[in-house]
Structure formats: C-alpha cells, structure tokens
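Sharing a structure with you now.
Read from first to last, the chains carry the letters A, B and C; within each, the first residue is number 1.
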Amino acid sequence: MNDNAEHIGKEEKSLFAAPPMGEQERMVEAVLFASAEPVTVRDLEARMPHGCDAAEALVHLRKRYEGRGVRVMRVGDAWAMRTAADLSFLMQKETVETRKLSRAAIETLAIIAYHQPVTRAEIEEIRGVAVSRGTVDQLLEMEWIRFGRRRMTPGRPVTFVVTETFLDHFGLENARDLPGLKELRQAGLLENRPLPGTPQFGDGEDEPEADAGQSELFED
Amino acid sequence: MNDNAEHIGKEEKSLFAAPPMGEQERMVEAVLFASAEPVTVRDLEARMPHGCDAAEALVHLRKRYEGRGVRVMRVGDAWAMRTAADLSFLMQKETVETRKLSRAAIETLAIIAYHQPVTRAEIEEIRGVAVSRGTVDQLLEMEWIRFGRRRMTPGRPVTFVVTETFLDHFGLENARDLPGLKELRQAGLLENRPLPGTPQFGDGEDEPEADAGQSELFED
Amino acid sequence: MNDTIPFDNDPLPQAEPQSVADRLAAEALIVDVDGFEGPLDLLLTLSRTQKVDLRKISVLDLARQYLGFVEKAKELRIELAADYLVMAAWLAFLKSRLLLPPDPTEDGPSGEDLAAHLAFQLERLQAMRNAAAQLMARNRLGRDIFVRGLPETVERVKSVTYTATLLDLMQGYARIRTRDEFRPFVMDRESVFTMEQALERMRGLIGFAGAWTDISVYLPEGWDNDPVRRRSATAATFAASLQLVKEGKAELRQPGTFEAIELRRITED
C-alpha cells in the first residue's frame, strides 16, 4: 500500500482510500519541517492526498516528538516545528574572551579588599579620583564585591566588601591574608621608602579596622 | 544532574559526566533541525556540553528517523536533516527553481565529479572541446565545484573538485557514492589514457595524487 | 582492443553512407553542425549508426563516415570550424594506417593503437554523458528533497571574562598607597624668595646706598622671623647683590669671616 501510494498520481489516489495514518503523519512531518511558516490544518490537507486527516496526523506527530529535541507546536491556528526551548543554548555559539581588568577596577578592588568595609567616598579619597559607577557595577557583576552593612554615619552610606568568589579567584582564605604594605615592600612591589611620619595602612594602626571588617565579611 | 549542569559554567561541567546519550541525541536533533546547512561533527561537539559524543548520538538519531518524513543524512563530513524524497509531491510550494544548466556545464560537472581532482586540460581532453570560462565560472558560483590542489606537473595547473554543496544537492554521502563510479573505474574509463605516441606530462606521477583525490576531497 | 576493430574489406572506397536513411541522417547532421560540441561529439553521434557497443565499434567505418560528412559539408559550402578539419585530417591518416599493411621501418603507434585510443575516447565521453544524466536524475535538493524551511540562525554570544591576578591587585594597591611618595618634586613657593624678586627689590633701593650697608637690611619685610623664609631671603638677596656687583652698580665687602656683608653703590662720574 505504501509503495503503491507513491506510484499513483494524486487524482487516482482519491479513488482509493486515504494513505494509512503513519504515512499521513510522515507527510505532515515533512511539510512542517520544510515550510518557512506555520501551516494550518486546512493548508496541510490541501497539500496532502484526498481524504487525509491532518488534524489526527498532527496528534500522532505531536506525541511522537514529545520530549524530543524538536517540538510540534501550535502557533495561532497553524502548526509549526521548533527546537525544544530547553535546548536554546545550543543555538548560541559562545565565544569567551578573557580580558585584563582595567587599572581603575583593580585599584578599586584593591582598596575594597584592604579597607573593607569601605564606602564609595572612602575609595575616592584613597584613590584620589572619582570612582565611576561602571567600575563598581563591573566588580559587583563579577561577584568579586558586594554591598556590606551601611555605615552608621550621616547619610548612612553603603559599604563594599569582597566576596567569597573574590577569595576563590585569588586563592585567599580570607581578606586578612592579603599582604600588608610591609610585605609588599619586602616583595619589591614598593620601591621607595615612605616619608617619615606618613601613616601606613596595614601597619599597626589599621589592624583593628581590618579586623572589624573581617567579622562582617560574610554576613548576609 | 541535568538541572545542575545548566547552572554550572562550562569549565566546571567538564568535571562532571557528559549528559546521557538520550539527551545528547536530543541536542544533535535540535541543532540539525535548526540548520539548513549541513553541520559537522566537530561543530556539533563545539556547541554541545563538554564530553559529548556527537558521532554516537548521530547513529542513534539517524536510526530514529529511518522511514520518517524527515531524514538524517550524511553530507561529506557533515550531517543534515532533509525531507524524504518520496514526499516531494507535497512540496510544490517549497520547490526552488534551479537555473537550467547547459549541456556543457552538466558534462563538465560530471567529469569533475568522476575524475577529481581534474585539470581544465583534462576536462577538455575528455569532452574533445574547449571548456568555456563561463561554464566553470557558473559551477564555481553555484559552489558545486571549487579549486583543488595544483597538479605537480609543469605549469602547476589548477585542479577542480566537487564541494559539499554538490554532495548535498545530489543527496550523496560522499563523492565515492557517485552512481556507477565503481563500474566506470573497473572499465578503465576514469583513467587518463594518453594518445599513443604522445609524451604526456605527469604520467604515473599523477596516479598517487589521483588516488588521493577521493580522500582529500574535503581537505581544508 | 585490436580484435575489436574489424577490418572489413568494404568495397566502397568513398565515404558515402550506405543507405538512403543514413544519407538523410548525415545531411541532418550537417544542418545541425552548430549543435555539436566539437568533432568528438560528432563522432559519437555518427557511431550510433553502427548500433554496436562502443568497444566493438569499427573505427574505420567511423572514419569513413566522418570524412564523408566533411566532404558533404564542403559540397554544401558549409564552413566547418578548424577543429573539425583537423580531426578529418587525423582520421584520414588513421584510415590509411588501418588500411595499409604496417610499415616496419616506421616508428610511432600502429593504426590499431590509434584506433583503440579513439574508441576509448568515445567510450569515455559516452560514459561521462551517461553519468551526467544519472547525476541529474538523482533526487535533488530543492526539487525532491527539502531543507528546513525556517532555519534558526546561530546566535553568537560574546562573553567577556575579566581576570586579574593577586599580583595585579597588590601592585594596584601599592600604586595607590605610595602615590604621595612618588609625587614629582614641587618647590614650596610659599617660603621661597627668588633671586629675581631680590634683584628687583634691590634695584629700587640701591640708589640710597651711598654708604656701606649690611645687606641684611635689604631683606624684605616679614621674611626675617621664620628661619626657612629668612634663609631663602638671605640667599636670594646675597645672590642679587653679586649680580649688582657684576653689573658694576655696587661693591661688596666683608671685614672678616662670619662678619656682616656690606654693600655700597658705585657712583658713575
């Protein structure tokens, strides 16, 4: 029957019974696949041999594609085949580009790491330059910093602290592991001697503040 | 596992097992379905999660679509989904009017397909007439042929080979599947037999290259 | 291959086709000469009149037919392209080779070899034509087989990952914390009295210095209390005095070591 159906022209076919449902299902499948737009049941039947029941074929086809990578979907009063929504990630070609963090971002991040919790105004004071919103947003987005407790001072400014993601990335157990200025100097990262009488962060005076910071580092 | 996999970045995913084969099959199905062009195994795997075996998934998928209205077809090194040929009568709407090829173009195409890699001089020798530039240009433009390696004979003539687009158009898995290829070869009709008494360049020298022809068909 | 070329002793020396039908066919060929794709194509068409496998074709007959065709074309004053004539000459040569007993003194390929090659060329061309027909008769994309009607384009998502090392971080911090130490040297202008200032001041005052005067008298007001300012002003005033001496407007003297330096104007007369 199947073979016959293929060799007999459309007109003659109408004299015979409609093709078996399995065959009708194949037809609907092929038309939906190749069509550039959704196809109505009426259109389907107009294209299929006489006596076909496209609606029923669609029910079968739809069941067949259940849970597959491709779905038979209703679009208005027409039908179409689409890739499964959960596989949409396959339709994207991801290219990952690794870029060095900008100098502004590194400096801001460093200040937050060494001085946390720290307000934006404090960061600006230390850097001596305004901190752009984009820089802070970028660090927040990267999840290297997050908002800490509000400072209990006028205006109740928000503070920033570094996150666990930050510690992970830099291989630190906690922010206290960051080397102090003295160690930076010993490591040759600071070349010149400080001016006498210049207070140094991380040198004694800052310790209590840094300590206070740590306790609220992972608060929620 | 599945849910997790979606929330974990690509790098971390490699630490876990690849998705189950059923899931991989769905992915291959979705990608092939969505693309009008054949997709290589390499491309498939680049788009699928790490550790997937697209080739194996393709075997399953191909079996699944056996006898359906849509087929999974191999085109050279790539794979594509195409409607079953016996349902073409449903597709008047989708039929693309292809440019009518001249007899010269058709013959030239066949000669390139069966004799590839083949030089223009060899095509002319077989047809007994000069090959017009327009004929070759047309075939190149249709992307049915492309330039192959230069022949290592005096003048280093350029050769022509057929493309993946050619295979796709004629529903061939690869150039070895050309109809009657084996018989023609056995009958010695694909040999480049020189006119007795005329010295021919590249006698013998060409043989290994001609053999390599099939294997280097889709070299890059 | 040699045995496939029958050496029939055709009594007809000329190349006239044998029957009326053949003759008509030949004339039809000539009328259609533009439709042929060269001599090989014509030969292939002529060979069909032999109605045999191309491997068993009589090349001699074929050569006769071809030469007959060319003759006929000449009679009808039809211009034949050069390659048809070249082929005719070659076939005439081949015909003579095939008909005459081989000359042992002559080298080169035998008539049989040449005939076999021509038969091979015809067979190969026919094979390619058959192959082309088979190829074109295949199920073809866009006619019998169809692609996805609504392909989804692959969206290219470019994601940028920013990285920094601990060293970057520490260097960044070090850079900020040591910025003050690195700042370029800038003179504290507040406590500096320049030589230019002193010179200007002294030019105004020198006119009154008729007698020896301690140059400390020339220090500007307010510069003698703060030691830093006094040092600067003293140095500048002394330098300005030297300049005036150099210009010949004043003379300097110091009675003894660490004693006051005195200045007096020189009157020009």
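Definition applied: contacts are C-beta pairs under 8 Å (C-beta built on N, C-alpha and C of every residue); 3 or more make two chains touch, one makes a residue touch a chain.
Computed from a predicted model, the values in this text were never measured in an experiment.
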Those chains that touch chain C and also touch chain B are A
Top of the farthest list for chain C, CA-centroid basis, is A
Cα centroid separation, chain B vs chain C, in Å, comes to 28
Cα centre of chain A to Cα centre of chain B, whole Å, reads 37
So, in whole Å, the Cα centroid of chain A is separated from that of chain C by 38
Multi-chain touching residues of chain B, meaning two or more other chains, are 33-34, 47, 81, 83-84, 91, 94
Shared-interface residues of chain C (touching two or more other chains) are 146-149, 152, 154
The chain A residues in contact with chain C across the complex are 30, 33-37, 80, 83, 91-101, 103, 105-107, 109-111, 113-114, 126-128, 138, 142, 169-172, 178-179, 181, 184, 187, 189-190, 192-195, 198, 200-201
Touching chain B in the complex, chain C uses residues 37-41, 83, 108-110, 113-114, 116-117, 120-121, 123-125, 127-132, 134-136, 138-149, 151-152, 154
Per the touch rule above, chain B residues touching chain A in the complex are 6, 10, 25-31, 33-34, 46-48, 67-70, 81, 83-84, 86-87, 89-94
Counting only contacts in the complex, chain C reaches chain A at residues 146-150, 152-166, 168-182
